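Two complexes, one shared chain (chain A), two partners (chain B, chain C).
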Partner chain A sequence: MRRWAAALGGTALVVAAWGIALVTPEDAEAERSFVVPVEIGDRGEGRNLAVTVTGIRAADAATIDGWVAEGPWLIVDLEAAAVQSELRAQLSHATLSVDGRTFRASERPPDSLFRSALAVGVPRSGSIAFELPEEVFGDDLAVLSLGLSADPRLDSLIELHLEPSSLDRVEEAELMSSGWAR
Partner chain B sequence: MPKRRFRWVRVAADRVPTKWVAGIGIGVFLAATAAFGGLETVEAVSLPELSAGEEHRNDQLAVTVKRAVLIDELPLAGVTVEPGERVLALIVDAENRWDEPLPTTRGYSLSSTVALADHPEVEPQGISRYDDTTANPWLQPGVLATIVLAWVVPADRHAGGDDVRVVLNDETLMTGTAVISGQYWDDPVPAAIVTLDIEDVGAGRDAAEPDPGAVGE
Partner chain C sequence: MTVDAVMNRRGWWRRNALPLVGVAVLLPATFGVIAWNEWNEYFSGQPTQAVVAPPGASVEFEGAVWGPAEIEVMDPGAVLEAPAGSRVVMVAVPVDPGTDAVTCLPPTLRETTGAQREWQHATFEIGWSPEPDELGSCALTGTDPFTITVAFLVPLDATGPLAVELISPEALPRFARLLVEP
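Moving on to the complex of A and B:
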């Protein structure tokens, strides 16, 4: 083989290796969630979770069943059902991401759809509540994501984009009691 | 001809005065030791001393220990006492300064960062919110919460009016590798000492002061 051919071949191999390194997905990419974007009022369906967000409210204090807590709070009203199986079908993942920070739905309200069990085909309705710092209500974008597993990797996530700064704040808001949607 | 090419290595090696190697080694060791301050005992780093109501802040948490209370029992704070035991409770303001929610279960955030100086290895046996008694509450980023940390102690270990010293630890943010995914705080290192007076509130409910027993009601 001629010298120039070997040099050219070697260069080509290095360039090819560099290209492959560039296009190889990262580990995080390989285990990314499957995002189902929804709007308020739309039903979004993932692997084993179907959700309709029916309303979003902001309040200084949240209340349900005699429990009252100062916030501020962002309350999400929704209907949620399992799709295929009731095994491990709980709304265990509910986060709100705002400006690089992630908030988790509050475990404080005595009645909430957060971590509650879902049934196949028959939606449950109720609320989940986020206890947030004041500055979040001045932000223009928040991403609500809902899923079945506290570890959201490689499973469906229902995602809704909302604008906290456009919400009307009320003094006190009551969470919806959890129940059958209809 | 590798043999010939490397012959100089052997020649050079033979000329090294091996007799001196031990001496040189000891010399280097002593010089290094001297460079780090000799064989003196390292002086203990003195931690900042805080009193009740003063805040300690790090990248994970801002913690203010407000009160230390000795009480007969505090079931809704998640602790049960046997005869001869009482509950030592710290009332603490905590704010999560990280960008993810922090759990307060065993080994996490407040559990591993607030300890009694005399028994630093004992994590709080009960952690709950002061306002609605939620057990092991999550700390949301930027949201201030008042938390009750409770330890079961022998009834004769503390008395009202005694000082109690509380250690506040700083932790380091770790990124999981291999089978651990995500980030978490670990490796607590003492960063501040808070000294408080213990208030003995007896059974709690009869106390005239703002009632820590309210936590249990």
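Moving on to the complex of A and C:
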């Protein structure tokens, strides 16, 4: 084999190896969640979770049934149902990601849809509340992510993009009490 | 390529015909056996083998006689708290344990066609208070005959025929499936 042919072949192999290294998915890709993007008012359906976000509010204090807590709070009103089975069908994953930080829904409100059980085909309505640092309300992008398992890998996630800085902040907001949506 | 070389190559395939056939058989067989083993182990812990009773009939399972299952579809809005778009389905399963006590989980209701959705009992969600003799499962029931009575909350679009499924943890992967006709 001529010398230039060997050099060309070698270079081609190195370039091919580099290309393969570039396009190889990361290990995490193999267990990535299946994201279902939604807008406010749209129904998003995943493997075993169907969600309609009906409203997003910002408030200095959150209340429900006589319970009051200073925040600030971001309150998400929603309807949620299971799709296939009621086994392990709780809204256990509810996070808000802002600027590289991820906040989990608060366990403080005595009544919230966070971690509540869902029924197949019969939606429940209610609120989930996020207790957030003040600066989050100045951000332009936050991602709300809802799922059934606290470990969201390889399952559907309903995701909504919102703009915290555009929300009208009220002094006090009441969470919806959880119940049947209709 | 000379004629000799071609003959030699043919000769190699012919000489090694038996081992080659061996590889062709054993390689897929290895994968088949491993897959069968793994799936079998998984399925043996899941309710995968139904012991089916046709509508109106009883079935022998785990030494006890189950059924015939009775189903009553309540009118929407009647008595119990069924939200719009859903109805309450009451299910009663008589059980004759025979000589030994039986164990079972609370029954589930399943669509046998279409999406095959599955419901857990909704006794508490719909505000129904069972009588003391209306048992929710067969925990601590002894050897006297008894009746399991549970209520399900099912959306109006649920397509029949429906089946009541009873799982006895010791009997897995076998379970009882009693078909019911509303």
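One rule holds for everything that comes next: the second predicted complex is superposed on the first by the 167 of 182 C-alpha atoms of A that agree within 3 Å, B and C clash if a C-alpha of one lies under 4 Å from a C-alpha of the other, contacts with A are read in each partner's own complex, and residues count from 1 in each chain.
FYI, contacts are C-beta pairs under 8 Å (C-beta built on N, C-alpha and C of every residue); 3 or more make two chains touch, one makes a residue touch a chain.
The shown structure was predicted, so the numbers you read here are calculated from the model rather than taken from an experiment.
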| item | value |
| --- | --- |
| Partners on chain A (chain B, chain C) - clash or fit | fit |
| Touching partner for A:119 - first (chain B), second (chain C), both, neither | second |
| Partner chain in contact with A:84 - chain B first, chain C second, else both or neither | second |
| Partner chain(s) touched by A:132 [first = chain B, second = chain C, both, neither] | first |
| First (chain B), second (chain C), both or neither touched by A:67 | first |
| Included angle at chain A between vectors to chain C and chain B, based on C-alpha centres and rounded to the nearest 10 degrees | 100 |
| Chain B versus chain C as contact partner of A:167, first or second or both or neither | neither |
| Touching partner for A:108 - first (chain B), second (chain C), both, neither | first |
| Chain B versus chain C as contact partner of A:100, first or second or both or neither | first |
| Nearest-approach distance, in Å, of chain C Cα atoms to those of chain B in the combined model | 20 |
| Footprint overlap on chain A, comparing chain B with chain C | none |
| Residue ranges of chain B touching chain A (in the complex, touch as defined) | 99-101, 129, 131-132, 134, 137-138, 140-143, 181 |
| Footprint of chain C on chain A - complex, ascending | 83-87, 119-122, 180-182 |
| Touch list for chain A against partner chain B, complex | 67, 69, 100-104, 106-108, 130-133, 135-136, 151, 153 |
| In the complex, chain C residues that touch chain A | 81, 83-86, 115-120, 122, 125, 153-155, 157-158 |
